[in-house]
Structure formats: C-alpha cells, structure tokens
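A, B, C and D are the chain letters, set down in written order, and residue numbers restart from 1 in every chain.
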C-alpha cells in the first residue's frame, strides 16, 4: 500500500540504503507548466543541514523526471515518473546493526510483519522516503498556485533543539500549516472528509503522534456557545464566517475559510549513546552510538507537511471537479 | 466516497430524515458466528437517552440483516446488507429551516458542494449516520474476539455536561480507546500505516477535532531520551516493551503492545436559542431554537469509536493475512 | 469485492434465497431527476416470463429506494440505497440439494473458496443478483440521457430457444450493444481503458464466456490495410471517421464514433433431467430435476448488458470530468 | 489510472520517446528469490526482431531494479521500483508527425482527452509500455512457480505474417494462454471474478479486440446438454472434472482445472505507405511512410499475455489468502 490518493495518486519506492528513491505521480491535469527550480527549492528546505539543530550537511538531492512532461515542461496528463539517487547511503555504517533491533525505530515491527528485514538501514521506514513526497508535492503545488491556492507551514519550537543537540539528545516539535484560497466544497462525505484525509496524510509522516484542526484538542474543553462560527453579515462568499473555530472545514467539506491544522512530532530516536536492545533471536545486545541525527525532526518536516497537504488538496479538487454536471463537448 | 476500508469494507447510505439508514459490510471472513444481541447492546449504548447529558429517549434502533449469514447466523463470506429504519425522523420539525443554513452544521458546505441540499435534516452529515457504523463494527468485533482482540473505549469528562444541559449549552469531551491482543505486524507502510488509518477513521466521526496516539501531543514537548520504549529483558513477545510511549505502533506497524489513542470532540452545536444566520440567497435570517440536543456528543460516541477501530483492525488483519507465503491447498 | 466502479460505484448484497437483494449506488451527480417508471420498465424487461423461451412468470420485482433523492426525486449527490425483496425464493425447493454440488453452477467453487456454502440456492452466484444491477443502471441511464448518451442492446438468436425449451434443454446466445452520443475522450490509460472496463463489466454477467468490440475476433484474420479507420474529409467532429472498425475506441479512449460490442452467453445449466454429481464428502450422488429454467439466458440479459454499460460510461464520464482544469468558483 | 491490481499492484510510467519506461510493483510477498536472468529471458522474447514477421533488431532492453530486494535478491515485501532506459527512441523520426494524427493510432483520442499531445511518439499508447509489464510479470511468475503455478501462452497464426511483411502490410493473430496449478478458490465475486480480471488485463494489451475463455464464443451456439462439465468419479481434487468447457473458472472462481483463454489481436497499423489524415486544425494532410513495423503484433505479445496473467493470478492469490481465518502468531 505504497500509493496515496484516489485520482491524484503518488506511488513510491525506495529503501534508504538502496540505489534510489522514487515515485510515480499519476493524475496531474494536463497543461500545467512545471518549474524544476521550485522542486529544488523545496528539496533544499527538507535537506539535512538546512537548519539549526539538524544533522550535518550532505550532498544535494538531485531529482530526475523521466516522463509525463513535454519538452517545454508542460504536464501531459500522463504519469510523472521520477527518481532521486541515494548518493550518501553509506550502508557500511550499518554493519554493526545486522540482526539487531534499534530502539524507537521500526526494525522490530518490519521484522515481525515480513519475517525478514534489511538491517542495512531504515528501509521504507526511514524519513529518507519523504524526499519523494516533497518532489511530488512540489509539482502539485504549481498546479494549485494556478488556482490561487497556497500552502504555508511553519515550525513552532517547543524545547531548545540546539541545546539538546549539544547534549546528544533530541526534542519534539510542532508544525502549523495554513492553506488559503481553497474554495468551499472540497471533501467527500462520509469517509473521505477533507480533514480525515489530511489527518491520514499528516500522521503518515515519520515521527508524527497527533493531528488537530481548527480548535483541535482545545475543543474538548469548550462550550457550544463558544465554538460556533457565525456568518459575516452582509454575506461575503470569499470569507463567509467571522471566526474560524472550524479550521476551514465543516462536515468534512471546505467552507471557504483558511484551512488550519497542527501536526505534533515526537523527538527523533536518540542514538548518541550505546543502545541496549535485543537481536532477532531475542538475545540482549548493544548497538554502538551513531554519528549523526536530527535534534528536531519537525524542522525539516515543514516542506513534507506542505507537500502532503498539496497532494490531499489536489486529489480533492479532482474529485470535486468530477461532480460538475456533464455537458457534451462543443466542437 | 461512502466506502471505508480496502478488504473489509463498509459502504453506507441514508439521510437522517429519510426512510432508513443502512450499509453493506463486505469482506467478513466466512465461518464467524454472529450474535444479534451483541449488535443490539452496542446500538443501545449509542442511543439517545442512554446517558446523562444526552438528548431525550427515542425509539430503539432496530437493525434488519438482509444477507450474508446462514440460517444459523454464520457468516458466509458474502456481503452483509442491513438497514435500520428511521422511526423518529419527524421531518416536519425542519420546515422552519428550509433554505436556511444552521450554524455549526454542514448545511452551507453541502449546499456549496452539491448545489442543492435537503433542508429537512442533517442529511449525510447527521450523526444519525453512525448507527450504521455501530452495526458494522459490532459484527466485526465478534470476529476479532475469536482472535482475542478486544476494543474498549471510555468517555473522559472535561466540563460538566449536565450543568451545561441545564443552561441549554453543550460541552466537548474526550474518548480514550485501548485495543488489546493485536499481534505485531498489522499496518501497511507507507501510506496505510495502522495509526494513519485510525486517524482517518476517528477524525471522520462527527464533531471530532483531534487525534493522538501513544504520547500524542505531549511528544512535541519531550526529549528523545524520555520517549524511547525499551525491550523487556528477557524478551517476552506477548509484551515486548517495558513502556508504551509508542502507543502500540512503530513505523506504522503494530508492535504487540496495547494500542492506545485519544479522540477529541468539540461541543455539539447549541441550538436552544435563536440562531442568526443566512439563507441560500445570502440574506440574514433567524432559525428558532430546537427542542433537544446532546449536551456532550462524546458520551454517545464511545461505541462509535470502538466500531470504527474494529473496522480498521479487521481490515488490517485481512491485509496482513494476505502476505503469508502461499501454499497449494492440500486435499 | 462487491463494488463496481471508481467514482460512480455500485456495491451490492443479497443471496437469491434470502430476504432481499439490494445495493448502494454512490457517486451519482446531484440534480438529476429520476423517474421510477423507467426503473420498473427495465426490471420488467429482465423479469422471468417476459419473453419466449424463458422461465415461467413470477411476481413483479418491486424496488424500494431508501435514500439519495429529494422528495421530488432529484438526486442529492449522496448514495442511493435500494432493496428488492425476494418474494419468490421458495428455498424449500432446495432441500434436495443440501450438500450436493449442482453441475455447471458455482456451488463447488464457492465451497472451495469459503469452506462453507448455503445450499438453499445459488447465493451470490445466482443471476438473481443482476436485478440490483438493472436498478442501478436504470438510474444512471437517466443521467446519461441528459447528455444525449443512449445505450441500446439487442438479443441475436443463434439456436432455437423455444425448441430447446420443449426438449428440456437450453441454448446460448449473443447480445449486441451500441452506445451513441459518447464524446471523444472517455477512458483512462493505461489500465482503465474504456473497452477494458466494458470487458470486465460484461464478462462479469452470469454465463458470459466472451467479449469483443469493433471488428472483434474477426480482427485476428484481417490485414492492416483492411482495418484502419480513415478520417472523414472534411473533418466532422460529430462523426470523425468514415468507418468504425475500432468500435468507437482507440488506445482505450472513445473516439466520438458509436461504441459497439458483442457479449457471448453460454447455455443455462440444463437441470430438467437427473444430475449425476458429488457431495461435499466427494461421494457420488444424484440431484433430481428442477421444474423451471431459462431456455436462453441471453434474452433476459439484454437490460443487464445495458445497465452495466451505463455504469461504465457514467464512471468514465466522472473520471474524465475531473481533468478539466480547475477554476475557482465564482460567487 | 496507471495502476493495475488491488493487493499486488503494478503502477507504470513512461512515454516511448522519453528517457525511460518504468514501474513500481507493490505487494510482492517477502522471501521470494528473484533471478534476473528470467526477467531478461522474457524481455528478449518480447523484443523486436525476436521472431519472423516482426520489426528489425534493436538494442537489448536493460532493466535496472532500484528497490525491494535484499543484496541476495530476496524480496523484502517492499515495493520493487525499476526502470528500462529508452536507448532507441529516435524522436527525430517523428518530426514529420507534428500536429498530425496517425491513422489507427491513439493520437486523436489522446488529443481530444487531454487537450494536448506529444507528437514525438506513441506516448503512453505505444506498445513500448508493455516492456514494464513484462518486467513485473517476470518477477511475479517466480513467486507463482514456488506454488507450482505455470503460465504458458503461444501464438496461433492466422494469415501469413512474413508474406504480409513483404507487401508492407500486417496481419492479426491469436494468442492462447493456459495456466496450470491454480488451486480452486481464486476469484472475488461478484465484480472481481477471475475471468473478468483476466478479460480486463488482456483487453488492455495494445491491439487486442476480443477475449474468450473456456468454450468462449462457441458457447453461444451450444446447447446446455453439450456444455456442462461433469465431476470425475471417483472424485479427484487435483482434476475434479472430466471436461473443461468452463475453462477452469465457475461463477468467477477457479475450479482447480487448467485455466484456458484466447486473446485476439488486430493487425498493426500499416504505415509503409503515405497516410491521408488530418491535423489538429482539422485540415487534411499526409504522413509519409515510416521504415519499420511489426507484421504481426501478436507474436511479440505472447510474453505480455503471460505477464498480465501472472499479475492477475498473483493478485487473486493474495486476495484469497486474506480470507483464511486469522490465528494469533505463536512465538
């Protein structure tokens, strides 16, 4: 189940220690001009070393688009295949891990699920996977911009990441995301509500432990008299309500207000100290400390949050389009 | 998109003011005995009037199962069709609403999406819809029990619902859910992670504004050194870890520990006082107060949370089953 | 997998000997007026006794629509749930079959698949199932007519069905179907080609053994110089080609010409004589002759072919709609 | 919709004139050893120049597998990404085609669907696409062999392909496919019947105009007394029936007999003579003859038929596996 979306669909492949990551973005509408610099810009935002409290700089991620565009970089409506070579995989680093389950990683669960596991790296569970999500999201955003839909996320610091890094520790964090320009009507009741799809997308990002939209967790401690959004009088369809407790979604359908949600990240697994764990035989063992990690994964996750939001909104746009009463083509 | 699940699939229909609610549960394994009393028990837990601070008692919900069972109530592996008649729809109540958008409801967004709306009731956006979810979930649970998987949710009060009810107001609430007996290995990376599917299911429930699992939102304020689960030594596969920060899921796959998540509900729309709103022409208007509502929707949502969790776990069981290396049938 | 379609989706339930057949048609666009007489008309065409060489007259099929329509029978865009009670199931007839596999039926394969089987009737394998397909198709056709798309099938006799009936035997037959008014552009490369979806739909009908479109099987014995369709000069987009070897589909996408295909039906299982078979223990046994059957199943299948074609075309219309470049809604 | 399958899923990308073809095969069970020579063998069978009456020899197709295997070529259960570079695309050949619709190709329908088209080649409609299908199918077959399932297709000549080639013409042809070793029970009623999935898969292959299984089109001219398969007495589960009119499938579910079907191909478009057509403005124009083509596309399609059959059978195996009653893992 490495496919996300119904009509606008991203399917991905790649292990962190393998030759390449990559994906196929299927369902982009035809006629959209794609600027490679925009993809590179967002890949750069996601890259290790692009912020304080993140792991040291590595090689730039280079994406190669293999299909789906004209020679002028216009989408054809056909699937866009792409790969990002893994230039820095260094699987030799992982020899010490062979047959040992790293704590707070997915080694144990993958091994239990599939009956075998490639201990050379994080495999599909590595956050390396999100490089493909950013490529796809950065393509989709360029379509959304044509419709004046903009997606903007930001990191909300909690604990001091730089301080934690100095101690060989890590911290959690929050990413807030706002989406503007979404028309009323997106979202498919009752099982593909707009916020449900966002929740699935966001909680699928590595290290995410919670999702909330609008008033979110605070809602549980509010009264009904405090939480209703009232219509602006006179009615203004571009900003129909005078407050936004709902976070832009009512009954699972966008209401024309700004969409607003938060994503909560746990700290990255700390691996700067020897790790007491077990091996595949169930015997206790120790994994020696590894040289680098992100002090706060939420920082680099900002463009990942934006990219997954773009995939959701684009999919919902296509789904919503499909309802408009059909008229035979005029020639 | 009124279908939930990939192999174990629930498809539903029904408007709150129409003749009946109903659904088709497709993909139940054959050979499971279904006890109607268990379905009725959970319907009763969900029913208005079954707790303090909820709306007044109405007729019992009667489910009629139309297919998929032998005469001895054993599942055949074929789809289970069922209906629940709407005996208490009272659409005449709604005449005052014709063409007017109720605040904090989905009238406006449905109207914007579909271009027409049936103002006789909440339509598909009504929490009445969840009666079908409870029927389906109560069937699935009986299969899960055979495998010793148990799902148990409870309401965590926040504000005083009874007090709010007396003031014609309403309050939000939290539902905590624990799932025990889930083997390690459930969940499909990378886009159908177990907790992502739970997040989608739970946020699809009416009035839900947030989902968290394991350490949840607190994770964002924790250090890596505080949040890692360590293996129990000696290794015990039935309870492999000595703590459960992860909430039973690592890398999107169950790890053999208890699954633990919280669902946050906003207060029900307060409609015990005149509501200043607009009509479909954009003109201001007033909707008179309506006679009954739930002071806290989270109370009746407990069996709904359990039911949707059952649908997710059942689907993931079937997905995971399908990996086991194939052997030709021996005759 | 009792769901057909991607955006316009029919999910069905029901065993031939159970209380009711039924289904949920999800994804109908809003605003289409539905006339119940048209549904009844097509149900009547499908009904036993409605033609020569078919089994004796039974009660009329009565459909009850439970959701998805306004009080004026306008589609809401929400799922349309419906049931058709089984008034004539007579499961007592089937006592002689308990534990015995009828020849040329699906008893054996269902038993091998599910490990249990309800020998009271044909279960899901009965052609009774197609009553739900005709209900759904008869709704969808009313939408297609608005777009001037018409679907018209006819039975092409092969052997003499009436003569076979007198001998207690049965015959196969062919149904030809023509679809007019389909604009160029329907069909989703590369795995949801228009004709592939038609092939899947048609071969899913009981007793169908072959599907061909355009020149069909004859193509295999033609030369390239004989089989190319040439553009009409001057170009006329409403009938772009001067011949129709392609059957209205090129590269899996409709080309604006009439869509034309044939469906081949095998004879109904003959059961007017004692049937030598085995039981679930593998022991030889005999099933006594049964009193009625269709001499030619293709005759009653005509509206079923049309209905499944309507579901395919409607689904493809919605899929194709979803590509049209998005414009923000003007208010 | 460039994805085929439900649990075993192939998603593809690539235009014939682009940099590479490729795909992602998702859902292979873990633990299967993959031999690259077998993939190369089937690619060689599909390659131009590998038989009489096919176009002249080009470079070998080289597949690069980028993920999903251990260093020992054992499947991990994760998606298998692969690419096949287009070394022989020669898009300069196509300059003469700019803006002109080739007859009997999909240029016109793609242009009508997407509103733009890349006239440098056949794009997604080119049979070049099937190179990815053969890669995927050749991987899946190695899993099926472990379960003793074998797929074997052969070309059945109709007209003389070599003679046609000498005249600059082309001929149609038939491919017969037999699948042995399939246990009873595969196929998902009622809309994913085994033969319906095969029909969809086969008619999706370029130039296919008809599909039949078992008695096929002949069934329409048979009597019921001639077409029933009788159980072998004494019962032998490995070959349960004494004839195979059904082609190995009853009620959409495999019955343990050999699966047997035919696929009918039309002749390749003849392009050895000037082609009178129109351009995107609707004006008449001429396309000059092109230097090479297949005299009979059915010859090279044999491994494509086998590959798509493997994808269907593998998917149905996983679907069927998922029913087996769940037992908690023993440790």
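Note that a contact is a pair of C-beta atoms (placed from the backbone, for glycine too) under 8 Å apart; a residue touches a chain by one contact, two chains touch by 3 or more.
Just so we're clear, the structure is a prediction, and the values are computed from it rather than from any experiment.
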Can you list every chain that touches chain A and also touches chain D?
B, C
Comparison of A-B and B-C (more C-beta pairs in contact)
A-B
If I average the CA coordinates per chain, which chain comes out farthest from chain B?
D
Can you compute the centre-to-centre distance for chain A and chain C, using the mean CA position of each chain? Integer Å is fine.
42
In whole angstrom, what separates the CA-based centres of chain B and chain C?
35
Averaging only over C-alpha atoms, locate the centres of chain A and chain B and give their separation in whole Å.
25
Pull out every residue in chain A that's touching 2 or more other chains.
1-3, 6, 12, 30-31, 77-78, 112-114, 124, 183-185, 189, 237, 319, 323, 329
Sort out for me which residues of chain C touch chain B in the complex.
1-3, 9, 11-15, 18-24, 26-27, 30-31, 64, 66-68, 70-71, 74, 76-81, 83, 112-118, 120, 123-124, 329
So, in the complex, the side of chain D touching chain C is made of residues 1-4, 6, 12, 101, 103-106, 108-110, 112-114, 124-125, 129, 158-159, 164, 169-174, 183-193, 195-197, 199-204, 209-217, 219-231, 233-235, 237, 240, 245-247, 249-256, 264-270, 276-278, 282-284, 298, 319-320, 323
Within their complex, chain D touches chain B through residues 6-7, 29-31, 77-78, 146-148, 181, 183-185, 189, 237-238, 317-319, 321-329, 331
